[in-house]
Amino acid sequence: MRIYDLATAEQDFIAEVAARSHQDVRTCYQCGNCTAGCPYTFVYDYSVSQIMRLIQLGQQETVLRSKSIWLCGSCQSCTTRCPNRIDVAKIMDVCRHMARERGYATEREVKLFADSFLRSVERHGRAFELGLMVDYVLHSGKVFTDLDLAPTALARRKLPFQPHPIVGRDQVERIFQRFRQGGAHA
Amino acid sequence: MRIGVFICHCGSNIAGTVDVRAVAQAAKGFADVVYASDTMYACSEPGQEGIIQAVREHNLDGVVVASCTPRMHEPTFRRTVERAGLNRYCFEMANIREHVSWIGKDTERNTIKATELVRMAVEKLRRNRPLTPKRFDVTKRVLVVGGGVAGIQAALDCAEGGQEVVLVEREQSIGGKMAKLDKTFPTIDCSSCVLGPKMVDVAQHPKITLHTMAEVESVSGYVGNFQVTIRKKARFVDWEKCTGCGLCMEKCPSRKAPDPFNEYLCTAPTINIPFPQAIPKKAAINPETCIMKQKGKCGLCAKICPVKCIDFDQQDELVTVDVGAIVVATGYDLFDWHKYPQYGQGRYPDVITSLQYERLLSASGPTGGHIKRPSDGKEPKTVVFIQCVGSRDRSVDRPYCSGFCCMYTAKQAILTKDHIPDSQSYVFYMDIRSPGKAYDEFTRRAMEEYGAQYVRGRVAMIYPKGDQLIVRGADTLAGTQVEVAADLVVLAVGVEAARGAAVLGEKLRVVPDQYGFFVESHPKLRPVETNTAGVFLAGACQGPKDIPASVAQGSAAAAKVLALLVKDQLESDPQVSRVTPARCVGCGKCVQTCPFGAIKLVEDRFGNPKAEVVETVCQGCGICTVTCPQGAIQLEHFTDNQILAEVQALCPPRIRVNYAS
Amino acid sequence: MVEALKTAIAERLADLEMVIGWEMGFDALHATPLFIREEGDLHRLTLGPLAVHNLATYLPGLKGKKVGVVVKGCDSRSVIQLANEGLIKREDITVFGLCCDGVISHRKLREALPADLGFVEQATWHSDRLQAVVAGHAVEVRLQDILADKCISCRYPNALAADVLVGAARTPAPQPVPCQDAFDALPQAEKLAFWEATMARCIRCYACRNACPLCVCRDHCIATTRDPLWLGQENSPAENFMFQMIHVLHLAGRCTECGECERSCPVDIPLLLLRRSMNRVTEELFDYQAGTTPGQTPPLLTFQVEEARINERGW
Amino acid sequence: MSASDSRELRIVGFLCNWCSYGGADTAGVARFAQPTDLRIIRVPCSGRIDPLFIVRALVNGADGVLVSGCHPRDCHYAEGNFYARRRLETLKRFLDATGIDPARFEYTWVSASEGQRWQHVVTEFTRRIHALGPAPLLRHVSDGAWFDAAAPAAAGPACPCHG
Amino acid sequence: MPKVAYYPGCSGQGTSLEYERSTRAVCQAVGLELVDVPDWSCCGSSPAHMVNHVLSAALSARNLDLAHSLGMEVVATPCPSCLTNLRNAAVEMEDEGFRSKVNALLDRPYTGAVDPQSVLQVLVEQVGVDEVARRVTKPLTGLRVACYYGCIMNRPPERMRFDDHENPMAMDRLMEAIGLEVAPFPLKVECCGASFGVPRGDIVMRLSGKLLDAARGLGVDAMVTACPLCQMNLDLRQRQINAALHERFRIPVFYYTQLLGLALDVPRQELGLDRLCVDPRLALGKIKAPAPVQ
């Protein structure tokens, strides 16, 4: 097991998480209610309460390299039930942002799917489901993803072959451009 | 005046961030100050001797001590100056600890602030007048509000001490929460076996008058002389005659009355004695479910009662008593766990409170002491206990620890194993709080001897599956989620202030804290006193407490009462209002606004109306002083001139021209 | 109107120690209080726009005596307020109430004339116009141009709670007072500057206090005592201002806006600006106008557990 | 905090003994840091606070005045804060006509157990007063003159002709 | 007649076309006017807020701005994921600092205060359950269902401010109003696996499998949802779940608007019952009234 030197707690990391999430991580007293309710615990490498603890201990590397932050489904059960009113789901979100910015993507497919989705939105203004699936398969190399579903889905006309482009497509595109140019730091 | 000023270091508490020598030096320059020095601990024996010596050596007639809050040591130093031969009101304090050194770190600013506060105190002192207290007679009787174990203890101790006691209880019987318990920790002795004899003592003690089904209607007066009106609610049974034979209970055809004593696990006959050991053991009718009261016919109880004590026309009765002291022992209520929607909000009958579980365990309870779960009466094999339901949880505004849930949960886990040897208990806890004699050993026994599985974590949700309840929680020590299928879930609900405490607090002028518990006069040194003289606290009305602590406080409150009532006369605080008759125009505005009726209009020898203060009734609030435009009525020690002097000391009029004139 | 009043007074004079009214004063533009003790005094009684004094001011000093008093609408509120505060006994007072068309402001009159009031040679009223000869010039002034401010905003032209009411009831037609509006519009800092400049000319003569019907402290007014000592005796704007604060706060919930303070001020300090501002506050907070309802408790001598119009101050 | 960066302003507090003074003590015992500008005058009850004390302080040049009493219904004297609430609200609304900024005066309720709330109140009020800056002053009498006149008055019995 | 702006959401153009069309048809049948947000774009869904909150809010704010330009106070959406994004954006932009960052990404700054709500909320609060019941012409008696709300429609409660967050009842009450027997489903707000279907199918298998298992335990004929993603996970992926868990679930999963539509007797082609993957005909056959079987 990994041994943490408490003195090496990265205070900047703690402060950054607190500032970006607007949550006071010190108020967590490790009751475990977030973990108790979290439906995703079975795929996590660290439970939500452990993530919270690791943040309190300033263990940036462990947190941002964890799979858990990518596998959180933002279902809000932790936030809803926290006795200290911490928006835990938002902290998980913020950790994901920080991991992405620092180039960690422990759950590659999860990241790639999000990327494909946003590329689709950027291109068409709306999410084009068939297109983004193709994009995801191309980027992830996972050729067989949901292939078994294709006949059912296509038969029920659930995946139109044409995107629904919108007039203001360029407006949406510019949102992404400005974002990439660093127009928003939060 | 010849004033001496003493600046306290309070060790480093003050001297750490205030230059006390500089303050003393500056004080020497203040008007009328002839002596100033600093002292390590002004309140200590040498500190006080130093003050007395200085008074004598420098012929002082007034003393200012700059130290901690006057709410702490003003009485101490008043006694000191009295010992030095001065009137105790020729003394002022400047609070340079709580209001200066403890709240700011900037020594320069603190020193200036402390100096100004001393100057303010000196200016006030220059306008002080020697005051002499009046004496008045004490009513030698005590009112105890609340007949739980704390109130019972206080009542018995006061009565044994020779004082008359009036004990008022809201419910039909005394005994409080403790009477509902099956066993008590950490000895597992029978609760009613311990409490029962004390309840009987209350009933039999010649000095105790007991009013149950009664509440305090109003309170007036002051320490030594309270007038209390008690409302005795109609019980529709003449308790003078009722023998408690219980025949009516057996025959009553309306058996669906709510049963608060059994925590609503079952219903009760409409005419009822709540439990076999009830004191007084008298029946009362619930008018809500009584067929006679609702529909005008039935009257079966009246027909069969051997002593003919049923009285359907009985009304509430008001009783007035004079008492010299009041003990408040109104206890607590349980947190309403329905605030946690994730525990089902009552949709699952097999999720119950810990107190309901006590009734299931109790031989006098609805199941005769056999653990049967409410839904289907089956004996549960897997019992899950969830701690901290409504404790240590900010999201439901209950951030405090209720103190004794860890212990009673351990007890219940042990008793569960005793009752059902092939059962398994699981206890979800956050931390185990068991500081007390033989307490921690007790929780260890629950785990080690009785095999209760303790799981460190909260429970996020309970949901039914088949005839069981799935409890999903966390085990933070294992670092993951856990689930267990339970037959019965017991919520260790936390403690909150008794419903109705706020209303009673208003009547008694006892202040509740933000959670509704009554505030003691000092958290360490005056734990059973309140800020209203003559009113004392006992038990959980002051904060969560277990039985030994409640009993100890009951005795402590009784000791305070006895020390008060042993005196035949009390001194009244001379900081009361005083009228200058020549200035009074007799308009009566002060009479109109006085909350205590302490001012009356009398005629002077020319027949002109003039206000006059009844010194023993006046409480010294000063509302009248502000009401009187000509300043004819002044609150001693807080006169207009004294407060103005403080204002002027802080805001000396400055010459400054802002506008071209 | 005056004849009807004379008859009414004559009928009751026997039971009263005196009746206080007005008579013409030292010149044609001033009236002065008249103390009617016998019927022979009655012919001197006068009414009209020069009857400016609030005669209720005398009543607290006559406490215990049976007296009559002639009051305009505004003055009648003082009687009610004094009785509500127990400063007079209402049953001792016989109130001869008037229905009033307003009285003049001598300051405005002075400003309307080409020379000081001392040079007035002759003056006669022709309904609502005053014709006068001043320093040889004939001038005509309309009453509405020299009407006292309190009459412009008057809501109670007819005496309230009068035992005898003389004249036909007038319909109130309150108008905003221009100088109040102008003052209200000033930025805060300018208001302070205004008072500093204004208070600089106060000579602390206490005429405003002495003329006030509700200032009953007299010798014991805290502005002039040493115990309590509220006020330095220096004549500085700050201390003069402080005195006015004492006056206005002691009148909070009591002032009936009769305007005697402002009228009596020898240096024309517009004291009604403060009075009106305070009365507005007590009206909006407590729905209360002093001296309009007999038996009512003044708002600062009582309270509601839940105040309908005061928001709890949260932090 | 920003208030302590600049020079101190003069803030006068009137606190009732039973609740707010106790609350300030509680804040002190808990070491809740506060700006140093405030000076507290202790009175038994908010019902003892004459609005004229507040005016006196403001006329004398106080930059802010803070009054605090027991929460309504919790008054140690049962009714004092109810009277105070009417008096203080009346003053607060009237201040505008005097030209003194009503924001320089505030009143609130703090109980003896609310140390944290007291810290918040002091910090916020001090911040507010610093945002307003030093109060404009009316021209005044010279320093000391008041004391010279006042001290003898308190020393002996009052002059008979003035009662 | 109540009137709100309407934001259909991207899945309504594809995978959940039947939800989108039945929503429109039902609203028309109960007299709720939906005014389409013109030229709406994607709200960003979960991928956007996984990347950056400002970006996510900006994608939503463009649509809020368009709704604002319609002069509407409420914008309704059938999709809880869209709702979450729109609502987060609306609430967080109450903070000036955040608002200016968002507006920096937009062509036209958003200055309005449009309140995003679910169509379900609008139906319950502005039309009313009683009104819906009054308009029912073909009550669906004989059918037992479990209502599944999904994890984010009511959570976190401070943000969503609608219905109970542990035991929501809005859909239950609507379904009862149209004659259905509604089983007390204990996992109403448990997560189905959300958008992990594509990148981590195993998650959806397990979580949605639990939901189907609980529903089966209650002996229901069908499940009812209000979320395109939930419906897809439970319906389209039910075969995958069966394969992964060695189960034999055959529980049709309706959109609540489809069942409302049946009871209100809206034209069948608007309901798209043929687009459901688990064949609903067996379940619908249980309806005692003249059975609307195709």
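Letters A, B, C, D and E mark the chains in the order given here, with residues in each chain numbered from 1 onward.
As a convention for this text, a residue touches a chain if its C-beta (ideal position, glycine included) is under 8 Å from a C-beta of that chain, and two chains touch if they have at least 3 such contacts.
No experiment lies behind these values; they were computed from the predicted model shown.
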item: Target subunit E, source subunit B, minimum contact steps; value: 1
item: Mutual neighbours - chains that touch subunit B and subunit C alike; value: D
item: Identity of the chain that, by mean CA position, is farthest from subunit A; value: C
item: Chain pair showing more contacts of the two, A-E and C-D; value: A-E
item: Mean-CA-position distance for subunit D and subunit A (Å); value: 53
item: Centroid distance [mean C-alpha coordinates] between subunit D and subunit B, Å; value: 30
item: Distance between the centres, which are taken as Cα means, of subunit E and subunit C, whole angstrom; value: 72
item: Multi-partner residues of subunit B (at least 2 other chains); value: 342, 461, 582-583, 593, 627, 640-641, 644, 653, 658, 661
item: Touching two or more other chains - residues of subunit C; value: 193, 196, 200, 220, 225, 227, 229-230, 232, 238, 300
item: Shared-contact residues (touching 2 or more other chains) in subunit D; value: 51, 56, 60, 73, 79, 83, 87, 136-142, 145-146, 150, 153-154, 158, 163
item: Complete list of chain pairs which touch one another; value: A-B, A-E, B-C, B-D, B-E, C-D
item: Contacting residues of subunit C [partner subunit B, same complex]; value: 85-87, 193, 196-197, 200, 216-217, 220-222, 225, 227-230, 232, 238, 250, 297, 300-302
item: Residues of subunit E that touch subunit B when the two form their complex; value: 164-167, 184, 186-187, 214, 217
item: Subunit C residues touching subunit D - in the complex, by the definition given at the top; value: 183, 188-196, 199-200, 219-220, 225-227, 229-230, 232-234, 236-239, 241-242, 245-246, 248-249, 252-253, 273-274, 277-278, 281-282, 284-286, 299-300, 303-305, 307, 310, 312-313, 315
item: In the complex, subunit E residues that touch subunit A; value: 10-11, 13-15, 17, 39-42, 44-55, 58-59, 62, 98, 101-102, 104-107, 151-152, 155-157, 165, 189-191, 193-203, 206-207, 236-237, 239-240, 274-277
item: Subunit E-facing residues of subunit B, complex; value: 341-342, 344-345, 347, 461, 463-466
